[in-house]
Each structure stands twice: as C-alpha cells, then as structure tokens.
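Chain IDs A, B, C and D follow the sequence of writing; residue 1 opens each chain.
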C-alpha cells in the first residue's frame, strides 16, 4: 500500500480526459483548456510515480522537470491565446484552418 | 494500525475524485466561461495534490501559475468574447461519432496508463546521487540544485523557450500598433477600491516573492516561483492603473527580459574556458548560483508579465 | 489531532464540490466567478489544515494562494467593463 | 490544560467548517447574485477566521503563527475587494440586460 497510488491513477485519468477534450471540441479556447488538463495530468502521473518508487516524497529531479514543464506550458498557453485573439481580429472563420494551427502548436510543447 | 492512516487516505481519495470531477465538468460544460472558471478551481486542487505528494516546490509553482496567472490569462480573453455558448448543434450520427471516438481513445489511454501504474514495479530513483553531490552545488535545496546545476542545460533551454514565446506573441501585433503599450489601456476610478487594492497588494507580494526566492536556495521555492509571483503583482498593479503597462520597444523592459538567459549563457561560455560548457566551479558555486537565480527571477517576471498582457490592442 | 484536521479538510473538499454546482449552473458570469472565489478560500483553509502533517513549507503554498487567489476575479471584473479595461466603480458615476 | 486547548481547537474547527458549509449552501440556494455574495463573504471571512484561530494554539512557533494570521488577513483583504467589485460588475450586467445592446 502506497499513499501516492490514488494520485498516479488520478493523473492517468486526467490525461485521458484532457486528450478527449483536445480531440472533441471545436472551439480553440476549449482545446487550450483541455491541453492544460492533459499537461497537468502528465505531471501528476510523473511526480506520483517518482513518489511511488522512492516510497516517500517526489524526487528532486522529477520536481525540477515538472517545474520546467509548468512554465513552458503557461508560456505556450499565452502564445496560443495571442494567436487566437489575432485570428478573431482578422475575422478568419476559426474552425477549419485555425483549429489545425492551434492544436499543432499545443502538441509541439506537450511534454 | 495508526488511526491517522484512514483520515489521510480518505482525504487523498476525495481530493483525487474532486480533481477528476472538476476536469470532467470543465471538458463537458457548454458554457466556455464556466469551463475557464473550472480550470482555475482545478489549479487550486492540483496544487493541494502536489503538497500531499511532498513536492512543495511544484506546489508553489502550480499555485502561482495554475491558480493565478493562467486564470488571469484565460478569464481576460474569454470574458471579452461576446458569445461563449457552444451552439446546440443538431445531433447527427456524424456528431455523435465525433464525441464517441475521442472518448474511447481517451478511455483507452487512461486505462493503459492506469494499468502501468498498478503493475510495473517502480524502484530506481535519482534521489541518492542528487543528495550525494549536493555539497558541490552551493545550495541546500535539491530541486534548485537540479535546476541550476545538474540539469542547468534544461533550464537554459527553458528560459530560451519563454523568450521565444514572448517574441512569437509580439509577432501577432498589428503593424500600426507596434510601439504602443502592451495590452489594452487600463484605467480605474482614482482612489477607488480597485486602485487601492493595486497599491496595497504589490508590496506584500514583493515581500512574499523575496521570501520564496531566498528560501529557494536552502529549503523550498526558487527563481520560477518567485518570478511568477512578481509577474502576477506587476500585472495587478497595471490592471489597477497604478503603473503603466510597459512598451515592448522600451530599452529597460527588454533588458529585464534578456538578463537571465544572457547571464546564464555568459556563465556557460566562461565555463568553456575553465573546463567545459555550463560547468559551475565548486569554489564559487553559491554566489554564482544565486546571481544566476536573481537574473532568472527578473527575466521570468518580465517575460511572463509581457506574455500575459499580450500584444498592444486598441479598445473596442 | 492530525486526523481531526484531515477530517475537517475532507469536509471542506465536499463544500467545494457543492459550489461547483453553482459554477456549472450560473446563470450570470458573476455567479460562476463567486464559485471560484469560494474554492480558492477553501483551498487556503485546506492547505492550512494539512500543513501540520508535513513541513512548514506547506504554509507558504497557502500564502501564495491567498495572495494570488483573487487575481482571476480582478481580471474578470475588468474584462466585463464596456471597453474591457475599465473599473466597475468608474462607470456607475 | 492541554485538554482545554485541544477541546478549544476542535470546537473552533467545527465552527469554521460550519461557516464554510453554510457559505456554500447559501451560494447554492440563495435566489440572486447579491444574496449569494452575502453567503460567500461569510465563508471567506468567518470560516477561514475560525480555522486560523483553531490552528493558532497548535502552532509550533511564533513564525508559523504569524504566517497563519498573515494568510487570514490577506484572504480577507482580497475577498473584501473582490466581492465589492463583483457586486458592482453584477449590477452592470443587470443594467445591460434591461436595455438591449450597449
């Protein structure tokens, strides 16, 4: 019995929920939100597996990598948001071409 | 048979269920604004999960970014949109498939990961070598040691990613607006509640940020967490109309934004003269690490602040 | 004592689950934002309650949350004004 | 002596949790934005206040105790500001709804 198993399972489920959201939604901002859920699911899975292997707290190396990941995720979120706002201003009909650009941008930064 | 066991486990399980519930609601609710608000709540509880996992450094970053900055970023953009309901489209067979296929893929991936969690024996960690070499790094917080010493490569590249994201978001500026202040022109009622709040909170935020920065060398926290806090109170002061938003063409704000990556690269290159790229000599490890950290904190604060404000815009 | 703290924290988690209903139902955006505000305060209380079981560092997480928890709401009230950059007090004059 | 301290802590804890429960039930059940805001501020100020008071006698040192008080004061400052602003904003939202199109 290890206390971090619930969190590892939670992370696994969050990855699934996030990926569903990225695929199922039309609206770019909905995809952005789902992308953030996927990201934190991956981090939670990663961190709790480290806690699981050490039998205690999350190790220093995973923690450092996760902090790096969180900062990169917020930077890419801000950039995608800038793109979406500009896209709206240009009055391009968002779904078809915009959807493609937006989502490939997420994938580049997904850890 | 410690009685504390059950209360702690109960809390963890309820917390996990709540996090999953918030994520599910956020991805299924029709209203976009509600989905955004749910993401903020989600950030608060993920931070609590990190505390329970003993990862205080990550919890600090998640609390500052997930519950603070991401919220400001998304709410600002979403609240400006006029229509936020997804249209109630007629349910055709194709639309049904467009939900079912992603749902089954998501379920497949989640259950695959869960299977791995439950079956694979996870044994090896890098914690022992990290702690064994800690005296050579000049800091006592193992996470800071990994970020600025063992894996300094990652951190150097990460600050470059931040910088690249800033340049890329500047590229979305309208040609005729380039050279104006970032974001919209903010205004508030003089001596109103918002303006007073914007005067009160930043000094407190500065103290908390410096505390987190200082504690980062020896205990917990560090450049990223402190930088995010500084960015957040900077943005608050701008939103409250206390100070003006910076101009992307300004000298001083640009030097803030590049100070961290520049100094880091400089240290990395001087290491080449001594031994090899990115070597931090043991003798000067503590002052050098603190100097790098200070520059990084400034750069992260300036870059995140500019990223959240976005390109210059004219009010509608 | 620690168990008592965790039981209290678990009950607070459930109150957050209750206020999620308000976020989902709305009907106005202000209603949804209030749900987030209550969740952030409950988060601060939960962190304060579970910190005695770990290191004092956990209180710093509560401190950061208390500091930044209100920022999203400020961004919301500003964006909800006519030009998206004003102050709700300003326009009532 | 310690029995009294423990009993006080548990009592204050119960009061704090009760305020949070009342606040969230109010947020759920009250009829309009302003009534709900009223419920929310009770949870914000009193709920967290009683929980802070409960934790204070158990704090390991003065540093931790003062941090707890600071967290409470910060939350009160932020909550007071935000609820005032949200109330104003909600008033505008109602105005906009009555006269169509700004």
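Simple rule for what comes next: a contact is a pair of C-beta atoms (placed from the backbone, for glycine too) under 8 Å apart; a residue touches a chain by one contact, two chains touch by 3 or more.
Treat the numbers as computed from the prediction; the structure is a model and nothing was measured.
Trainee: Based on the averaged CA atom positions, which chain is farthest from subunit D?
Mentor: Relative to subunit D, the chain whose C-alpha centre sits farthest away is A.
Trainee: Report, in whole Å, the distance between the mean C-alpha point of subunit C and the mean C-alpha point of subunit D.
Mentor: 9
Trainee: So what's the Cα centroid distance for subunit B and subunit C, whole Å?
Mentor: 18
Trainee: Report the inter-chain centroid distance for subunit A and subunit D in whole angstrom, where each centroid is the mean of the CA atoms.
Mentor: Spacing between the chain centres: roughly 31 Å.
Trainee: Distance between subunit A and subunit C based on Cα centroids, please, to the nearest Å.
Mentor: Here the centre of subunit C sits 22 Å away from the centre of subunit A.
Trainee: Give the residues of subunit D touching no fewer than two other chains, as numbers and ranges.
Mentor: In subunit D, residues 74, 78, 81, 85 touch at least two other chains, as defined above.
Trainee: In subunit B, what residues contact two or more other chains?
Mentor: Each of 8, 15, 52, 54, 69, 193-194, 197, 201, 204, 225 in subunit B touches at least two other chains.
Trainee: Kindly provide every pair of chains that touch.
Mentor: Those chain pairs satisfying the definition are A-B, B-C, B-D, C-D.
Trainee: State the interface residues of subunit C toward subunit B in the complex, per the touch definition above.
Mentor: 2-4, 6-7, 9-10, 13-14, 16-17, 20, 23-24, 26, 29, 32-33, 35-36, 39-40, 43, 46-47, 50-51, 53-55, 57-58, 60-61, 63-65, 67-69, 71-72, 74-80, 83-90, 93
Trainee: Any idea which subunit C residues touch subunit D in the complex?
Mentor: Against subunit D, the touching part of subunit C is residues 1, 4-5, 8, 11-12, 15-16, 18-19, 21-22, 28-31, 33-35, 37-38, 41-42, 44-45, 48-49, 52, 56, 59-60, 62-63, 66-67, 69-70, 73-74, 76-77, 80-82, 88-89, 91-92.
Trainee: Of all residues in subunit D, which touch subunit B in the complex?
Mentor: Touch list, subunit D to subunit B: 74, 77-78, 81, 84-85.
Trainee: Would you tell me which residues of subunit B are touching subunit C in their complex?
Mentor: 3-4, 6-8, 10-11, 14-15, 18, 21-22, 25, 29, 31, 33-34, 37-38, 40-41, 44-45, 47-48, 51-52, 54, 56, 59-60, 63-64, 67-69, 71-72, 75-76, 79-80, 183-189, 192-195, 197, 201, 204-205, 208, 211-212, 215, 219-221, 225, 229, 232-233, 235-236, 239-241, 315-316
Trainee: Would you mind writing out the residues of subunit A in touch with subunit B in their complex?
Mentor: 3-21, 23-27, 29-30, 32-34, 36-37, 40-41, 43-45, 47-54, 56-68, 70-72, 74-79, 81-86, 89, 109
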